[in-house]
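Below are two complexes that have subunit A in common, paired first with subunit B and then with subunit C.
Presenting the complex of A and B:
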């Protein structure tokens, strides 16, 4: 029997998800033995034309990481959707939009102008901006266009499963690949990680006070943090209560609060709103001025609560930005 | 084609014990207030999940009004304070997302203040009318056209291929 075909592809991502595949360490050998990798641009040489030539549904599973923000990424997402039996959104960006999703607070023009002209580290004397086509030696070259905003994979094509995380941890990657190869798959559309908040597996759980009363919020660099005490009890915003578990509490174990990369549990529509709700309800003061003073410790609520999920939030994108 | 004239859609979450009762009072007192408001009764303003507010905006509300008991009067002791704290940050966050502050309001209205329901609703509808439509649902629809375009293009290509092969 031929080995099942598997593809890995990346869109708007940093490469960290690719790294995780390698982080499987010697376990990757077991995976490579059982599957036939047909596309993996970061590590192996395949051409898009090879994929186009394949019959539809001939790839058993495609692990696609990265958000969708250009026409090329969108086209590849559609192509891989057509060629794959299972399309798996791998990592925060494909799952909920990820860090690139924060770009949904700005217009495409603002982003291009800052990146190519305004940023302090940029030297661009001629003011060149990326073009979608240009002519050279009589040939017209076409380049992908940047979309107006960033989308999660499932906002562009149908997705079968999600593997969360920025990047997904080796344990859940291994579990996902195992489930796939052995056909132990849950209902379509499931996130392949436990459906319970991170606090449940956090080693600091016992120190979480039943009644947190915030008198201030501090950011991790502003205070020497107790390595064993619940972050919320120390006045640090920890996204644990609003975030799915499964990562093995890596950040809290490294004395850093959870920033929410595994996304919400299945019962939550909007991770940021839930976190805001829970944190704010537990602020100590009862008067507007007192409350505002405490809230000064959260200068950027969108960036704090939607760090990995703005495109999948209820509002998705800042209002008033151009749509086309 | 005659398009129906736009009037604001205001979603109001009123607590059962004070503000909703006040709205009832406004009704039995035959006070007239703007009919743009859609009142949703909740047991306590502390029950209003910020998700409700975001969802209302995302689905096309032009404004969201929250009514709860005055401080110290909450039937559940603390619920209105919880709402107030959420409101302070949510309002700031909505502004960061491009939703004008006048579109989101919290008011304490006791069961005896039918008149205040009328005043607050009328004021808010007036402000929303001045602001114009928010139409978040339409914005998202418009924006999603940029991915629809390629899908249609791909489909058109496939159809021509199939026609050519036939």
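Presenting the complex of A and C:
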């Protein structure tokens, strides 16, 4: 029996997801024996034409990491969708947009103007900007235009499963690959990680207050943090209650709060809104001034509650919706 | 209600998207791109090396609390997240005017040297090393980690994988995560070293020194004993006489974590030495209309174009540059390797781009020796790992030597510590002009009389890989891999050839 064909591909990402696959280290050899990797740009040479020539649905599973921001990425996502039985959004960027998705709060023009004109180390007396078409002594050179917005994979094509995390851990990666190979798959659209909140597996769980009343919010640098006590009990915003578990509580084990990279559980529509509503419901002062005072401890609600999920969230960008 | 609103928003979003699928530019994004123009005789008139993407981390950092920057900026690159994390963390010290506790500083240095060692090892054995270990003329299909294991043996392969795993475990111990760690805060780190865990890490550090020395031996046996390879390293095609920058301690010795920046001229003489806070007086970025990547140069000299030698202003960073810009190492084994390096390559400064591979191995030894020193320091297990900042924040500048060169972070905030302005100059950007020169040189050497030789991209890529470039970092945009497309135009500006490599 031929081995099942598997592909890995990356779009707008930092390379951290690929590092996780490499961090499977010795384990990866076990995976490699069972499958036929047909596409993995970081590790092997390939041509787009080879993928195009494959029959539709001939790849059993494609793991795609990175958000979608260029036409090329969109084209590859569509191509791999067509060629794959299962398309898996791997990592926060493909799952919910990721940290680069925070750029959706700003326009392309703001970015270009700062980077090429406003930055304090840039010397640009002529106000030169990179041009999509530039001509010099008859030589014409082109650059692709930049796109306005960042999108998650399922805002572009249909996705079968999600592996969460920034980056996902080797463990949940191994479990996801195992589930695929052995045909133990949950309902389409599922996130392949435990469907409970991070608090449930957090070693600080015992100190989580059942009834908390916030009189202040403390930013992590403002106070020495107790390495054993629930962050919320210390007044520090921890996304644990609104975030899916499965990472092994890595950030709390480094004595820092969860920032939400695994996204919400299946019962939560919008991770940020969920966290925001539960925190706000527990603010002790009930008058406006008192509430404002407490909220001074959360100076960047978008970056706090939607750190990894702005493109996929209910919030939409100020200057209109992202276009490709 | 929410669902309905979301469905409407999604429908509007989808409709809007369909309207713009006429975008004619389809397949170039995400590539390093080279356009080569020929003259009437078919020789190279000009080659443009372009980076076609930009993400804008500096802009979307605005409005974020400064203490989140170590975690946000690490997402610029998942291969060197620890470098961004540490530059950002040092920037927070500067922003809040707070000095880390001794244990806090030493844990940072320990994590950082561990990171330098594992990242360099990745490059030597997996990314760049195959060019030499397997051989520059070997078929592309063999120039990868599997080919390396074939050459050095399965046992060595296992040793490399095992050592990297243990080094990365140390980073995860302090950082929570190895990819995108979380330890950095102004005034120190978030987590202390439990004395019970010390012996395990001390053993790791000892093994790391053996591993680094073993790697130097592998490099000597396979590369330096092969006169063909040495000829290639020292060949004119891969040589540029530029300035060099690197971070040094008070005795001008290489330091990855902290110190002053020192610049030497193409003759190897000191041109400048300055505290990082003054970076804007010495370093400037030049904009070209044909690339999203900016090109750094030495500001006091002015932008003089993509030129080398006397009267020019292009400088280089990363291992080759760090060794040129310093006067040695603070640790004995690395110092011995440093002396041997310059003796082998004909004295200081070394201008051969491919010598970066050798310099990288020398640096691995220093990183491992620093791990031993730090883990034997009694401060390392102190629970006092952080000073809580009390000063009012306004401006911070933090610099480290990333594996790929000098990395600058600069933030300005309001009195709450909320980012108003963020500026970053990343390692590969410092090398951008020299990389563009290497591309031009390779194109000119390989394209003659209209004949485009097959090996063009391989040879160009070898010049790239020596810098270990991360274009993702350079534009704060691309992923770390390096697909290339080269297009050749004749003197009538007609497209006559195209070579693509993913």
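Brief remarks on what is shown
Just so it is clear, the second predicted complex is superposed on the first by the 285 of 324 C-alpha atoms of A that agree within 3 Å, B and C clash if a C-alpha of one lies under 4 Å from a C-alpha of the other, contacts with A are read in each partner's own complex, and residues count from 1 in each chain.
The criterion applied here is as follows: a residue touches a chain if its C-beta (ideal position, glycine included) is under 8 Å from a C-beta of that chain, and two chains touch if they have at least 3 such contacts.
A quick note: this is a predicted structure, and the numbers were derived from the prediction, not measured.
Set side by side, subunit B and subunit C differ in how many residues of subunit A they touch, and the one touching more is C. Of the two partner chains placed around the shared chain by superposition, subunit B is the only one that A:291 touches, whereas subunit C remains out of contact.
In the superposed model, A:105 makes contact with both subunit B and subunit C. Contacts of A:301 after superposition on the shared chain: subunit B is touched, whereas subunit C is not.
Of the two partner chains placed around the shared chain by superposition, subunit B and subunit C are both touched by A:314. Looking at the shared chain after the overlay, A:274 reaches subunit B, while subunit C stays out of its contact range. Residue contacts after overlaying the shared chain place A:253 against subunit C, while subunit B stays out of touching range. Touch criterion met: A:13 reaches subunit C, while subunit B stays clear of it.
Residue contacts after overlaying the shared chain place A:75 against subunit B and subunit C alike.
When the shared chain is aligned, no partner comes close enough to touch A:240: not subunit B, not subunit C.
For the contact definition in use here, the residues of subunit A common to its subunit B contact set and its subunit C contact set are 71, 75, 105, 155, 269-270, 300, 302, 314, 316, 320-321, 323-324.
Touching subunit C in their complex are the following residues of subunit A: 10-20, 23, 25-26, 41-48, 66, 70-73, 75, 98-100, 102-103, 105-106, 110-112, 114-116, 119-124, 128-132, 134, 136, 138-146, 155, 166-167, 219-225, 227, 250-256, 259, 269-270, 296, 299-300, 302-303, 314, 316, 320-324. The residues of subunit A lying in touch with subunit B in their complex are 68, 71, 74-75, 78, 105, 147-149, 151, 155-156, 268-270, 272-274, 276-277, 279-281, 283, 286, 288, 291-292, 295, 298, 300-302, 305, 313-321, 323-324. If you check the complex, the residues on subunit C that touch subunit A are 2-3, 5-6, 9-10, 12-13, 16-17, 19-21, 23, 25-30, 35, 37, 45-46, 48, 50, 52-60, 62-65, 67-68, 71-72, 75-79, 81, 92, 96, 140-141, 144-145, 161, 164-165, 168, 172, 174-183, 185-187, 190-192, 279-280, 283-292, 294, 299, 303, 386, 388-389, 408, 410, 416-418, 421, 423, 425, 472, 477, 479-481, 483, 489, 493, 500-502. On subunit B, the positions that touch subunit A within their shared complex are 46, 49-51, 53-55, 57-58, 71, 81-82, 84-86, 88-90, 92-93, 96-99, 134, 136, 139-140, 142-147, 150-151, 154.
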